[in-house]
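Pasting the structures here.
Okay, so chain A shows up in both of these, paired with chain B first and chain C after.
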Partner chain A sequence: MSAPSLTPSRAARSRNPQPRQGSPEAPGGTFARNLRRNLTAHAFLIGAVVCFALFSWYPMVREFLLAFQKTESGRTVWVGLDNFTTVFNDPAFWQAWGNTLWFTTLALVLGFAVPFVLAITINEFRHGKGYLRLLVYLPVMLPPVAGVLLFQYLYDPGYGLLNELLGLLRLPEQQWLQDADIAMFSLVVASTWMNMGGATLIYLAALQGIPGELYEAAELDGAGLLRRIWHVTIPQTRLILSLMFLMQIIATMQVFVEPFLLTGGAGPEGSTTTVVYLIYQYAFNFNNYGAAAALGLLLLVLLAGFSAAYAKLSRSEDA
Partner chain B sequence: MSTRTLISPAVLARRRGKRLYWSAFALVTGGFTLVFLGPLYWLVSSGFKDTQEVVRTPPTLVPESFTPENYSRAWEVMDLSSLLFNTFYYAFGALAFQLVLDVAAAYSLSKLRPVLGKAILGMMLVTLMIPATVLVVPQYLTVLDVPVVERNLLNTPWAIWLPSVTNAFNIFLLKRFFDSIPRELLDAASMDGASPTRILWSIVLPISRPILGVVSIFAVVGVWKDFLWPMLTLPDPAKQTLNVGIYSLSNGVPVNVLIAALTIASLPTLLVFLVFQRNIMGGLTAGGLKG
Partner chain C sequence: MRSARLRRTRRASAVTLVSAMTLTALAACGTSSSDDDGDGASQQSRQSGATDASVPLDPKTKVSITIDCMPPAAKAAELKEWKEDVAAFNKTYPNVTIEGRSTPGQCLEPPRFTAMLKAKSQPDVFYTYFTDLPQVLSEDGAEDISAYVSDRTVPALKDIDPNVLGSLKQDGKLYGLPTSNYTMGLLINRKLFKDAGLDPDAPPKTWEEVRAAAKKIAGLGEGVSGFGEYSAGNTGGWHFTAQLYSLGGDIVDTSGKKAAFNNDLGKQVAKNLRAMRWDDDSMGKTQLLKWGDLQKQIATDKLGMFLAAPDDITYMVQQLGASYENFGMGPIPGGRNTLAGGNNYMIKKGISPDKIKAGIAWLNFKNLTVGKGQFDWSRAKADNLPVGLPQPNFWLNGSKKTDDAGRAASATMPVANFRAFMANPVPGKSEPPKAQEIYKVLDNVMSGILTNKDADVDKLLSTAETQVNQVLANQ
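This part shows the complex of A and B:
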């Protein structure tokens, strides 16, 4: 390969492909060169593309097909909306959606607000920031089994640390995971403890980008602490806040591990059956892939809306 | 030289401000330690207690009965060595696959710019919009019978390694980093006759070490933390990961032994975190949003 002239650069040339002058030695001309360049480029891509095709793109199509199919004695037949009817008529259907929404709501209240408050608090300190950050992120690094089973002991009605704590405060003991009314709440607390480190760090980074003059100006105008948060901190971090809000919805609506490990999935009186747990049951306990796919498709349609909003917002952040 | 935050330095400089600052600091530091480190301390210390003490109320803060045998029993009964080995094997295999295939793809999309490259990138990014759990069922069916080659990957490491490559977020992160490498640098190399592979190896990769570190840590931690997928695709107890193996044995062993096992299972990722915390924290905030 030879480079006849130093200008224009190869990059500029490939951006606006003009007939190349004075390079009679290019074998086969522009077409062959382009072909070779493309073959190399595609060779670099092929591994990832094959994986995507097998484990992302094909499953996406298949999910859609499965929802309208059934396998009867080894043969695949189209059943129209039958799978959806099955799913809709399942008494667990509405309960699962209700539980999932309840989990998401609680997780938004706790998992969205608490990390923000923690981040604001940490950001105010001049000392020990690194230590505090480290602490908040520590649980994120635990394997989920360790985190979840740890909470099983903390919640234990007999010797659990949490009831011990309530006893010290002279509050009545709770059946954390066995009481249908608060089982979901217990799951959210565990889940928040395990996962909020990431959000806290992201908020911290956002807070550090707020220009100090804004606080100064607000203070001169007589704004107290809360009003400074309301009129400076929140508007300045609005984009990150709304992105995290959407992320949180998308993530928590897919909750599976916490109910599966802490309450065996369904929980007392089905109070912790979530949509994804129901999908899991259809597919892997009842071998009804059609119904699982139909339910999955409903979840997908709902969450794709949030995902699209998220993509749009994060693009506006880049701009 | 920190910029001012919510509370002005003038207020903090006053006596009352100072006193308030330090009491708030003590309160918060203590509270954080209790809430985030407390349960971990309880995990480690309960691993040393004997069967009666671990369920005693009120619980003991310092183990009275020191039984480190729990740890060795957990190691043997739950066969932690092979669970650990499996998890390492899957995690570092996934890391290798992601580093080779995702880096190559991102490099191609960023610098070689093939025909249809934009469309391929777009299709990769679309997968970020699909909730992961929705695809578990069709992905599982794919693992049972991979199209074209018609192989069953159940109970093989491929079931973990290959899907881990489909990480559009990694590719996006890498591509953005590669985009920021000045073209002139690569042009100069290519004029000197360096092939694309050579350019990737000798110029792009050395510059990209920070982002490669971040991607690597996330790749390993991702496999280490996954639960549902390995539970479905690795049903053979001898091939399971720590998460799944400990879960499936958790009902049969005494509480203190199980707690010891959980402590052992937590150590590797906690150590990785403590060693690489700077990179992880930086990656979290620089690389965009991943909670």
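This part shows the complex of A and C:
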């Protein structure tokens, strides 16, 4: 995939010079001409744009404003940085950030590696790839709440399947969700199981795009499986790996469902309180929308950095 | 492709950030005018200013009001009664149109309620919990109805427990009328009590007795727990508060600025729970429970006791398929104070005086007249609805006697099972200021005790004290 095959050459561009604005060929300019030419497409876009404007962009603007406002006696007043002060003074603030970063780290170690290894393994199969893809993707189709309930049964300290298995092996029972030291790990396992299907399919698609000659050449050079993965697979999928890495960070830093449903939100001694759970608390338990928006804004700023990196990577992929 | 991906990313990283913002956006879209009630006659009367608040609604007045919490179709019997009550009410006030607003789930779901208040889209007569008053007033959502409520408009006013009415007042102004109240007690499973050789008619009265009974019940084995407690979703802190109240303690001092639970009484609560959980192993292994979890356990004969309000029994019978006969209640162990709360209706700020009068007339008929509306026990019995639960019980004097007699005559459950609770009323005490924030902090104390065998009670309480002081300082 070389650049010249995708990009029109200078000669080609000179053979098809762009019409100058205002010339008889382009009355009203390029924009107007494009608009006319793609009128149907633009008409279809209107619905999406309106939806995004109403339900994505407008709330973002409102959130920004809310972070500096407070509602008192039905009137909205500007309070400057008061909401941020409230958030910073919350005893749970740093714990929530620490827990969120811990979840993200564990999710990167476990949730990032498992789908990639699965994809490589499935890709090695000559037959039944479609069947395996379906099997891996099935958990994604399970509603998140159903998945969480399933893990609730697995993790139950009294009758859970995991402790039953440990009992059979004569190993000590574990308090999977009730031990502050391992609760977050248990959440990551549940989350990984529920979400790995999508990532695995993306990795599989990337793996199938790697030319077979590269592997053949590596084998001729005497490379074993691990060296082939290291020298062929990973470099060839580097970009998609980087993108998924960033997506994983963005997604896992917004973790909410798993701690909310599996450990009641805070978990043992607050060990599973995440930033988004704290936002939920402010908004729906304390009715403090200003503080919720302020904390949301802080998270937004952090994630915006990752989003920018993601966008840059996307551009380099498209180039 | 690139822009679409970028847009998706931005959306992904924004939409889930603040659940509040979408709600607020929707709330903004759904804003309705509270001033414009669209009722010409009412507008006229407001403009004229001729309406005397203390005079009951003139039956000839034509007015239309929206009322919260009309039973949904799924609650057929309650809906039938609602319609009957509207028809009966219209015999006195033929020109008043009652427009019921139905809610599928609970009448008041905090997120929806908050959005409604922010958007000023609450019905003219809207449902609230006692603890909602500060939030409603901060949103300027409720009308001061002091001048409208008198023994002319609410004849049984003098017989309403002043503690109940007091919870609807601020700065001497009345902002609502009650429909029910509750105080917490000790809910027991009678079958397990009998199986464990305990007397279900004499539930434990002290925490020492609770501990001993819990041990016996847990001794039945097969996964049965003696006593259950919450420790998640703010409900752990809520119950820590109830337990502390029961010993005469308090969560916040009289100034409202300092935590007051890190003392001997707080430690007594914590140590008793710790002993039951770890020394006696009588509280089961599964913890981090929240509202609904203990109800399921006791309804399936897996739990002997927990702190609850009487209306939990209705939930367990109607939603979980349990039977009334299997439950009993005693007063909260310790018996010094118990956590109290309840439900009521408020009138939307800004509606016309005639609408306010019509709302109060309806509330008086439906919720505050002995023998009628919600207190028509013979009708409730005929409709297979529960009769005989000890609460709501906000009546005093003659109204109480009449109501108790009507309730006993139509009881659909063995009321003797609740005699211990009824015969030993414990003074009710309302929730502390910044209740939910404090409960969140105290959840950690409860979860620490119930999930960590080696939890340092002193440290848990001390940390919570610091955090609650911080919460109170941020008021």
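The criterion applied here is as follows: the second predicted complex is superposed on the first by the 267 of 319 C-alpha atoms of A that agree within 3 Å, B and C clash if a C-alpha of one lies under 4 Å from a C-alpha of the other, contacts with A are read in each partner's own complex, and residues count from 1 in each chain.
Definition applied: contacts are C-beta pairs under 8 Å (C-beta built on N, C-alpha and C of every residue); 3 or more make two chains touch, one makes a residue touch a chain.
Bear in mind the structure is a predicted one, so any value in this text is a computation, not a measurement.
*Asks:* Of the partners chain B and chain C, which touch A:230 in the superposed model: first, second, both, neither?
*Replies:* After superposing on A, A:230 lies clear of both chain B and chain C.
*Asks:* Touch check for A:158: first (chain B), second (chain C), both, or neither?
*Replies:* The answer is both, since A:158 touches chain B and chain C.
*Asks:* Is A:178 touching anything from chain B or chain C once the two structures are fitted on A? First, second, both or neither.
*Replies:* Once the two structures are laid over each other on A, A:178 reaches chain C alone.
*Asks:* Applying the document's definition of touch, where does A:285 land relative to chain B and chain C: first, second, both, or neither?
*Replies:* It touches chain C, and chain B stays clear.
*Asks:* Would you check which partner chain A:94 touches, where first means chain B only, second means chain C only, and both and neither mean what they say?
*Replies:* It touches nothing on chain B or chain C.
*Asks:* Could you look at A:264 and tell me whether it touches chain B, chain C, both or neither (first, second, both, neither)?
*Replies:* second
*Asks:* May I ask you to decide whether A:146 touches chain B, chain C, both, or neither, giving the answer as first, second, both or neither?
*Replies:* First partner only, chain B.
*Asks:* Check whether chain B or chain C contacts more residues of chain A in the superposed model.
*Replies:* B
*Asks:* Identify the overlap between the chain B-contacting and the chain C-contacting residues of chain A.
*Replies:* Residues 52, 54-56, 58-60, 62-63, 66, 158-159, 247, 250-251, 254, 256, 276, 279-280, 283-284, 289, 292-293, 296-297, 299-300, 303-304, 307, 310-311, 314 of chain A touch both chain B and chain C.
*Asks:* Quick one: in the complex, what on chain A touches chain B?
*Replies:* Chain A reaches chain B through residues 1, 3, 6, 9-11, 14, 37-38, 40-42, 44-45, 47-49, 51-52, 54-60, 62-63, 66, 120-128, 131-139, 141-146, 149-150, 153-154, 158-159, 161, 164, 193, 195, 198-199, 201-202, 204-205, 207-208, 210-212, 215-216, 219, 225, 228-229, 232-233, 240, 243-244, 247-248, 250-251, 253-254, 256-257, 260-261, 276, 279-280, 283-284, 289, 292-293, 296-297, 299-300, 303-304, 307-308, 310-311, 314.
*Asks:* Would you pull the chain C residues touching chain A in the complex into a rising list?
*Replies:* On the chain C side, the touching residues are 1-2, 5-7, 9-25, 28-29, 110-111, 114, 118, 120, 135, 137-141, 223, 231-234, 284-290, 349, 436-437, 440-441, 443-444, 447-448, 450-452, 455, 460, 466-467, 470-471, 473-474.
*Asks:* So in the complex, the part of chain A that touches chain C is made up of which residues?
*Replies:* Contacts found on chain A: 52, 54-56, 58-60, 62-63, 66, 71-75, 86, 89-92, 156-159, 175, 177-180, 247, 250-251, 254, 256, 263-270, 276, 279-287, 289, 292-293, 295-297, 299-300, 303-304, 306-307, 310-311, 314-315, 318.
*Asks:* Quick check on the complex: what are the chain B residues that touch chain A?
*Replies:* Per the touch definition, chain B meets chain A at residues 2-8, 25, 28-29, 32-33, 35-37, 39-40, 42-43, 46, 54-59, 100-102, 104-105, 107-109, 112-115, 117, 120, 123-124, 127-142, 146-147, 162-163, 165-166, 168, 171, 183-184, 187, 190-191, 193, 196, 221, 224-225, 227-228, 232, 242-244, 246-247, 250, 255, 258-259, 262-263, 265-266, 269-270, 272-273, 277, 280-281, 284-285, 288-291.
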